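Each of the next two complexes has subunit A plus one more chain, namely subunit B in the first and subunit C in the second.
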Partner chain A sequence: MSAPALTALQVGDAITPLSRRVTQVQINAYAEASGDPNPIHTNEEFARAVGLPGTIAHGMLSLGILAGAVARWAGGSERLTALGARFSRPLLPGDTLTCSGRVIAVEEASGVVSLAVEAVSDRGDSVLTNGRAQVRLDT
Partner chain B sequence: MPDSSHVGRTYVAPGQVVDGQRSRAFAAALAGDDPVAEPEAVPPTFAAVYLLFPTLGQLFGDAEVGIDLAGLIHGEQHFTWHAPVHAGDVIDASARIASVQEKRGMTFVGVDLEAARQGEVVCSGSSVLIVRGASS
Partner chain C sequence: MSAPALTALQVGDAITPLSRRVTQVQINAYAEASGDPNPIHTNEEFARAVGLPGTIAHGMLSLGILAGAVARWAGGSERLTALGARFSRPLLPGDTLTCSGRVIAVEEASGVVSLAVEAVSDRGDSVLTNGRAQVRLDT
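Up next is the complex of A and B:
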């Protein structure tokens, strides 16, 4: 993975967006690998019983995909130093999540680049909002 | 139902071993049908496994705080990574209730998180947990 050159970066530059369709199979795999026991992610009947339209993806699954998008742009996950977001709307199985971001600050001395990031679904829902990420690039 | 008297409660989970096999399964689950971009790396949000669940699981089991899991929403999550984590690392995880606020008939619980490897903080962060239904 090649990192963007720090000196060429400008505030407002966009990261390469990443789109990924999230299936129930993937949600089940994430539930098992993460150890999240909440049945709203894997049990259709249970999810409906608590007032959801059906199963929903884990917020942390969407955040993990967003982390991958920022890491890919930055040239590797070890360059990602911070990430956070609000879980605003659920991502439903079959939806495609699109992660994007833009540069909001560049510190040339330290190589630290701050980004505003978000993730939206193809049904138009803002899944991850108020997102902020920080990466450290080579100086 | 959580209230402000619970601020300061701390949950510790020492000795969390970062399991390489589980980390690879986690990375594959994030990738879905796409290839895993960095097969050898522990995904940054694997902090869910070595930091979030071991500590928040204890919070959810704290009968005195009394969080009703059926009404629980993960509202926000923030992480700062201070150093890369690798398979085989042994992590001491801790969480502390930092705030409890009622807004719009819901209870917002702020939790501060920290993961240390032999005393060196490798990941810190915060969670916002939303419990539907207010205590008063």
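Up next is the complex of A and C:
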């Protein structure tokens, strides 16, 4: 992965968008790996019983995909120094999540670049909103 | 999981801390589930070659544990509406991560509670800092 050149970056520049389709198989794997036992993610019947349209992906799975989008653009996950977002709408198995972002600040001395980031589903839902990320690029 | 009563909450109240030991087995599972192929998380030799003390956990794995701590305290992961933090120090396999937090704002009308959150390792490293979480409790 090649990182963007710090000196060429400008406020408003977009990061390369990343789209990823999320499957129930991946949601099940994430439930196991993360240790989140909430059956709204893995049990269709349970999810419907609590008023959901079916199982939903973990918000942290979506946030992890967003982290991957920023890390890929920045040239490696070790360059991602901060991340946060609002979990606004659920992502359903079979949905494709598209992550995007824009540079909102560049500190040339330290190499710290701040980004506004978000993720939307292919059904038009704003899954992650009000996102902020920070990366550290080579000075 | 029983949620805290909104009306009883006060600014400064601590959430129930959560400690979790992270193993290489879990890091490997997380790498697969999240689709992050960076070998600094799974390949000891590679990690040492790039100057790390060995493999390190994904920052998003630590953030996921922090999410779990907030969700458990709030009475369910569906109540966690926003989360973010700074990835300050790496977490190593075998380390135990302890997550904690304090209430910084309570909006009684909407049920939205804001928290300052963080996570430290049992070797004294501040793994996640400057964390903010938001949960929505029953009004």
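Basically, the second predicted complex is superposed on the first by the 139 of 139 C-alpha atoms of A that agree within 3 Å, B and C clash if a C-alpha of one lies under 4 Å from a C-alpha of the other, contacts with A are read in each partner's own complex, and residues count from 1 in each chain.
As a convention for this text, a residue touches a chain if its C-beta (ideal position, glycine included) is under 8 Å from a C-beta of that chain, and two chains touch if they have at least 3 such contacts.
Bear in mind that the values here come from a model prediction, so they are computed numbers and not experimental data.
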First, second, both or neither for A:A119, with subunit B first and subunit C second: neither
Which superposed partner A:D36 touches (first subunit B, second subunit C, both, neither): both
Which of subunit B and subunit C A:L63 touches, first, second, both or neither: both
Contacts of A:S77 with subunit B and subunit C, given as first, second, both or neither: both
Touched partner set for A:Q26, first subunit B, second subunit C, both or neither: both
Contacts of A:L91 with subunit B and subunit C, given as first, second, both or neither: neither
Partner chain in contact with A:C99 - subunit B first, subunit C second, else both or neither: neither
Interface residues of subunit A shared between complexes with subunit B and subunit C: 20, 26, 29-30, 32-36, 38, 58-61, 63-65, 67-68, 71, 76-78, 80-87, 130, 132, 134
Residues of subunit C touching subunit A in the complex: 20, 26, 29-30, 32-36, 38, 40, 58-61, 63-65, 67-68, 71, 76-78, 80-87, 130, 132, 134
In the complex with subunit A, residue positions of subunit B that touch it: 22, 25-26, 28-34, 37-38, 41, 43-45, 48-49, 52-53, 69-70, 73-82, 84, 125-126, 128
Residues of subunit A touching subunit B in the complex: 1, 20-23, 26, 29-30, 32-36, 38, 50, 58-61, 63-65, 67-68, 71-72, 76-78, 80-87, 130, 132, 134
